[in-house]
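Next come two complexes, and both contain chain A; in the first it sits with chain B, in the second with chain C.
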Partner chain A sequence: MSTLTSKIQVVFEEPACGKNLSKSEKERKKGCTKQLAPGAAAGGCAFDGAKIALQPITDVAHLVHGPIACEGNSWDNRHALSSGSATYRTGFTTDINELDVVYGGEKRLYKAVKEIIEKYNPPAVFVYQTCVTALIGDDIEAVCKAAAKKFGKPVIPVNSPGFAGVKNLGNKLGGEALLDYVIGTQEPEYTTPYDINIIGEYNLSGELWQVKPLLDAMGVRVLACLSGDAKYREVAYSHRARAAMMVCSKAMINIARKMEERYQIPYFEGSFYGIGDMSDSLREIARLLVMRGAPDDILARTEKLIAAEEARAWASIEPYKARLKGKKVLLITGGVKSWSVVAALQEAGMEIVGTSVKKSTKEDKARIKEIMGDEAHMLDDMRPREMYQMLKDARADIMLSGGRSQFVALKAKMPWLDINQERHHAYAGYAGMVKLIEEIDKTISNPVWEQVRSKAPWE
Partner chain B sequence: MSQNADKILDHFTLFREPEYKEMLENKKKNFEQPVAEIEVAKVREWLKTPEYREKNFAREALTINPAKACQPLGAVFAAVGFESTLPFVHGSQGCVAYYRSHFSRHFKEPTSCVSSSMTEDAAVFGGLNNMIDGLANAYSLYKPKMIAVSSTCMAEVIGDDLNAFIKNAKEKQSVPMDFDVPFAHTPAFVGSHVTGYDNVMKGILAHFWDGKAGTVPKLERQPNGKINFIGGFDGYTVGNLREIKRIFDLMGVEYTIVGDNSDVWDTPTDGEFRMYDGGTTLEDAANSLHAKATISMQEYCTEKTLPFIALHGQETVALNHPIGIAGTDKFLMEVARLSGKEIPDALTKERGRLVDAIADSNAHIHGKKFAIYGDPDLCLGLAAFLLELGAEPTTVLATNGGKDWAVKVQALFDSSPFGKNCHVYAGKDLWHMRSLLFTDKVDFLIGNTYGKFLERDTGVPLIRIGFPIFDRHHHHRYPLWGYQGGMNVLVKILDKIFDDIDQNTQETAKTDYSFDIIR
Partner chain C sequence: MAIVKTSSKAAAVNPLKMSQPLGASYAFLGMNHCMPVMHGSQGCTSFGLVLLVRHFREAIPLQTTAMNETTTILGGYENLEKAILNIRERAKPDLIAICSTGLTETKGDDVKGHLELIRQKHPEVRDTALVCVSTPDFVGAFQDGWAKAVTAFVDALIETPPGHDRIQTQINVLPGCHLTPGDLEELREIIMAFGLTPIILPDVSGSLDGHMSDAFSPTTLGGTTLAQAHAMSASAHTLAIGEQMRPCAEALEKKSSVPFTVLPRLTGLAPNDALMTELMRISGVTVPEKYRRQRSQLLDAMLDAHFFIGGKRIVIGAEPDLLFSLAMTMTELGAKITGAVTTTQSPLLASVPAEEVLIGDLEDLEKLAEGCDLIMTHSHGRPASERLGVPLHRVGMPLFDRLGAGNRVTIGYRGTRDFLFEVGNLFLAHPHENTPQTWALPASTLTALATAATAAIHAGNGHD
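The block that comes next holds the complex of A and B.
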């Protein structure tokens, strides 16, 4: 079995994945990704998944080994912010050509790594496999190994070619690369009883930064964030953290679980979205740290912080209640966001008419049920046509979703707000939820909807 | 010397060379009795305070940086919109040089216009001889089909009677008796360029319709189904009128553009100099009497013309420089109502596209505050569009706006929740605007080229929409009217918003974490 197929098998057998556990042995072998229907619209590939999971590591060079398509279309396309190095925003690719396809691209890859190290001298080079280079049999693991040895610098192969599967699989394969080659390879200068890892947070629009002051106030140190605003060395010594929070459950569950297994770092799944969930997450961080031996005065400190922040957030949301009362929201997103923002929206007087659970886990679904009661609210794999019909029938006043669904909403004459990666505001933390409510209010009350909904006056 | 023939530096960089810097510093130090830097800074800060604003608004006699021009400028604008018509300004020639350069700098085209070149003795004895000689010379030198006479302050102060003078000149055979010489008194000390436009438009129509100053019988109106369209004084006339014609043609409306400047200010470079090009034919100008109705795109440019037309039996419609969806809807529905034609699917589709574009981008404009200045109708059109976008036209100012205009703007504010904290300023100038920009913070300023000084002093980014635009080229080719025009205005606004975001996020390693390729 090739390394790629065995790796995929490992990822598929993720024991911490609830969905996986409930399957039969045979089903599990088949893997957890639904076979895509040819001809139907589909999302990103495994390469894309690996790239977005690791690209937020800011100080390394991300080198894409493949034809121009993979990196040419995707470099620097997410608002993952960096507090320091901007190397990750430079697009590096081997840009292979026809002759490389015939004779192999390994030499070109090796030279590319060499040039990057000579010119940029990053702490590490991440090399991404793509469909074409995988098909012609370029052994990026071997090239990386040789280059690492020759240049005395980590050169990390990320073996997640697009044809391997969907984006989510790529997220995990990217995580595997960190587990295999990065985590545990360096030691921090010092450790504290308050060191944590945050796993699956990409600092999109600076969301990590919006939350960090709260952690600072608790006295908690983020030893490493995987992978938002991360430095290579932080990832490398992240195994010394005392506890971990897993933010985007489906994306990097393998990292959280394996770090618990290998380094005894307990983790919990939490969310920075939603006021109650934010508080729960802070509480859980404190609890895990105390469990690992931190002085327990952090618990009281955390409760005090939560009380003050919650009061402030609810007070800020109060003025919107009158305007947003009874407004119906359709949530088309995935994972934790399918339930985590619900409470805040409900608090502002809004009604959730539906939430998509395509990318949500069993736990996510349980949470949704807990919060919203009625199972009918859950929409599995909503097709654009259904989405359109739902909006068209005015069963919602606004849709919150990623950029791809935007146009469905607009054609259905419905206000739409971006809550995925291309959004322009950070919605994490207490302040973020207030911001979300403010943005929803703005979006719903924009005068263009009147125009959108009415016909031309002469019709 | 830093300047040498191998590499000639232009004025951007030459005077930054050390020897010039030294020279300028010495001059300042030794000859200019400079005020201490700290004192300068103190005053600069004081100018930003509400206290100074109060003093500024208490100004009575002084206008600083006016956002308006004089009547004859508008007179020339109106005149060149007619076929082979030479504007003839009775008065001193210096004024005319200003009008010509003003238009040339904006449209990047020559503007033909002559004056009667009155001098000191003419001022004492009256300008009759200048009129007689002037008309004769203009007629024989430039071979126009019509000469439209207007006047400068000088001729107005001494009370020259244009009607009598033109008659006299004709008797002296300056021009043939039946040669068309419409006229309008356009004193600069009354109103502004929009008034001058109005006066000349009315003067030309009166000439053709009412018996050419008593020389022929008045025309009798024989109503037909045509629609007259008057654009008004408009810096975007080239793009706008072409767009309007396209819309009329799409609808199958029979129309006359009364005052068509779109060709004379956009002549091709093909080796032939066109002193005159395009324009409303004199025949059409006369026949426009028979039209069913007249639509004026700018109410304040036709305050006298429209009632004059109405008196002749036509229905008149006055709009306020409509920009955007609702404004264009109203315009099209008026055209449809008056002409009995339907609005075709093609236009309905364009409308849908504009709605779509606004919906796509609404998050970036929503709640942004704007200060606008310009001609009264343009201000109304822009303010209405901003309200439509969910933006706030916080400050709306027209130096040539009157009390009734202010009432109209206030009514517009009152019609939208986004107009709640907005204020209108009639008769104020750009120095008032400067104070307002400091005390009533806005995100963007919309105005003409002169706004760049406000942008420099206050840091409020300028979106160039208005007249004149001297420091950007070719804007006048793109319409603001129609749904396509609305799209242009939307893009102009969005471009500036995104430029502003980029500029605020591009400092390397300081703010560039948000320097994104996707906005």
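The block that comes next holds the complex of A and C.
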């Protein structure tokens, strides 16, 4: 069995994944990648997923080994922010040509690593495998090993070619590369009883920075964030953390679980979206740290912080209540967000007329029921045409979704707000939730809607 | 005459280039009721989709055959078959246009043969036109993919012999991919002013001009219809815009005997004079008053702008046809092209008014841009512009940090005028103000002075 195939099997057998556990032995072997329907598929590939998961490591050179499409069509298209190095936003690719396809691209790859180290001198180079170079049999593991030895620098193979599967699988394969080659290879200068890892947070639009001041106030140090605004050495010494929080549902569950196994770092799954969830996450962080031996005064400190910040958030939302009362929201997003923002929207007086559960787990669905009651409209797989009709019929006042369905709303002349990865606003933590309400209000109350809906004088 | 060089680096840094299948898909988007498909892994489509959405701020129909490791090795026939049946069932397009990718080309899928088999096996598919084009990612660039796709349309869709006699007032337009939807609108208007009816293939101004429609459609809404494409064989003449379209115009002539003219560019005074002359010749109609007026406005604009553009050192990173057009226009206003970087080979490159044209990336461009007055390239040039403190004029694709990318017009007399103003305004906005230090004496003079003073002291001492 090839290394990639066996790696995928390993990722599929995820004991910490509830969905996986509830399957029969036979089903589990088949893996969790749904067979994609040709001509009716949407979404990124495994390479995309690996890149999304690792590219936020800011000081590393991310080199894509493949034809121009993989990097040339996609580079620098996300808003993961950095507080330091900008190397991660530089597009590096071997841009292989026809001759490389015929004779193999390994030599070009080796030279590319050399050039990058000479010109940019990053602390490490991450090399991403793609479909074409995988198909022709380029052995990136071997090239990385040789290059690392020659140049005395970590050169990390990320074996997640696009045709291996979907984006989510790529997230995990990216995580495997960190586990195999990076985590545990360096030591921090010092440790404290308050060191944590945050796993699966990419600092999109700077969301980590909406949370970090809260952790600072608790006296908690983020030893490493995987991988938002991370530096290579932080990831390398992340095995010395006392506890970990896993964000973004299941994207990097393999890292969280294996770090618990290998380094005894307990973790919990939490969310930064929504006021109640933010508080729960802070409490859980404090609880885990105390469990690991931190002085327990952090518990009281955390409660004080939560009380103050929650009160501040609710007070900021208060003025919007009158304006947003009774507004109907259609929520098309995946996983955690399908319920985690609901409480805040309801608190601001809005009514959720539907929430998508396509990417949600069983627990996600249970939470939706808990918050919204039995009449919760869970939409499994809404086709764009149906979304359009729902908005056109004004059964909703605003749609919150990812960029993919943006134009469905706009062409129906309906307010729309981006709450997925391409967004420019940060919605994490208490500040983020207030920002979300503010943005919804700004969008709904914009005078543009009345104008675009009015008929031309000759109609 | 420029010397054309290819970068010898192993790693491209900050790519300028985009891939062939993306160019082909963009061409597909100019066909009405069409569903473009990339035959490859779903990431190929997803990346292209995101890029086009960010550029046009429009919904982009683009599907995938969702190839995985196993289907790639066993061959893509089944995935193609499923994709076509699924799309026909769900979206009911007039046309399904398929381009291959690096993945399926490496495997060696015979898409043309597969389509033939699918047509035989599923007679019901006959109600949907199928067109395919071979566009490996590891050969050529965006512009090549576009040109190949349009040639594939000519091969597959043009009716021969023509259904009826030649229509003397109908002409074909084969636009290069560097023309925006806004440019095509302008060109159509110019052609119609001569009493001619243009058939534009492909016509992204119908589908990607950013308009509101009353219905939701999973396919393209607007663009060249199949009936229009069929009818091109009955046109009096073909205008190909950009050198990239020459092979396509040749294919059209070969198939339907419609003669053609290649207009390498439509920005600048002389090329628009050439366009007017050509339209006058084809139509027998004299140049309408409107364009005489616009020509005289352009002359005035050139006089106003030359003060600011003249003598400026400009570097350009763009695909061959766009590079040529921009470089020529700027040179005609007295600027000097001190760096030219492009994505792929073209017979046009030798004629670019620069010493050297480099097939390379934005790292190469950034190096060339040191000490220049203006950078022209797509939105990814922003970091280089910031690092060097040189203003950036955004051209080409992708333009993800500007509104109205699809509506910019830089062709025709009027479009050229606006383009010159825009560039001139950039120089006005970034003036080189003189300071007391502007004319500070160089170190060499100061050292010479210091040595002279010491010598004088020594000489004085000697005198004592």
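Here, the second predicted complex is superposed on the first by the 452 of 459 C-alpha atoms of A that agree within 3 Å, B and C clash if a C-alpha of one lies under 4 Å from a C-alpha of the other, contacts with A are read in each partner's own complex, and residues count from 1 in each chain.
What we mean here is this: a contact is a pair of C-beta atoms (placed from the backbone, for glycine too) under 8 Å apart; a residue touches a chain by one contact, two chains touch by 3 or more.
Since this is a predicted model, take the numbers as computed values, not measurements.
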item: Chain A as common anchor, with chain B and chain C clashing or fitting; value: clash
item: First (chain B), second (chain C), both or neither touched by A:G206; value: first
item: Touched partner set for A:F12, first chain B, second chain C, both or neither; value: neither
item: Contacts of A:N446 with chain B and chain C, given as first, second, both or neither; value: first
item: Partner chain(s) touched by A:Y430 [first = chain B, second = chain C, both, neither]; value: neither
item: Which of chain B and chain C A:N77 touches, first, second, both or neither; value: both
item: Contacts of A:P67 with chain B and chain C, given as first, second, both or neither; value: second
item: Touched partner set for A:Y88, first chain B, second chain C, both or neither; value: neither
item: Contacts of A:A37 with chain B and chain C, given as first, second, both or neither; value: second
item: More chain A residues in contact [chain B versus chain C]; value: C
item: Touched partner set for A:F126, first chain B, second chain C, both or neither; value: neither
item: Stretch in clash, chain C with chain B, out of 130-138, 436-444 or 454-462; value: 436-444
item: Chain C-contacting residues of chain A that also contact chain B; value: 76-77, 86, 406, 422, 452
item: Touch list for chain A against partner chain B, complex; value: 76-77, 79, 81-84, 86, 206, 406, 410, 417-418, 422, 424, 439, 442-443, 445-449, 451-452, 456-459
item: Chain A to chain C touching residues, read off their complex; value: 36-48, 63, 66-77, 86, 89-98, 100-101, 108-116, 119, 131-132, 134-136, 161-166, 384-385, 388-389, 403, 406-408, 411-413, 422, 452
item: Chain A partner contacts - residues on chain B that touch it in the complex; value: 325-326, 329, 332-333, 336, 342-343, 348, 351-352, 355-356, 358-360, 362-363, 366-367, 387-390, 416-418, 508-509, 512-514, 516-519
item: Interface residues, chain C side, partner chain A - complex; value: 9-15, 17-19, 21-22, 37, 40-44, 46-48, 50-51, 53-54, 58-59, 63-69, 72-73, 79-80, 82-87, 90, 101-103, 106-107, 136-139, 141, 212-213, 216, 218, 380, 383, 400
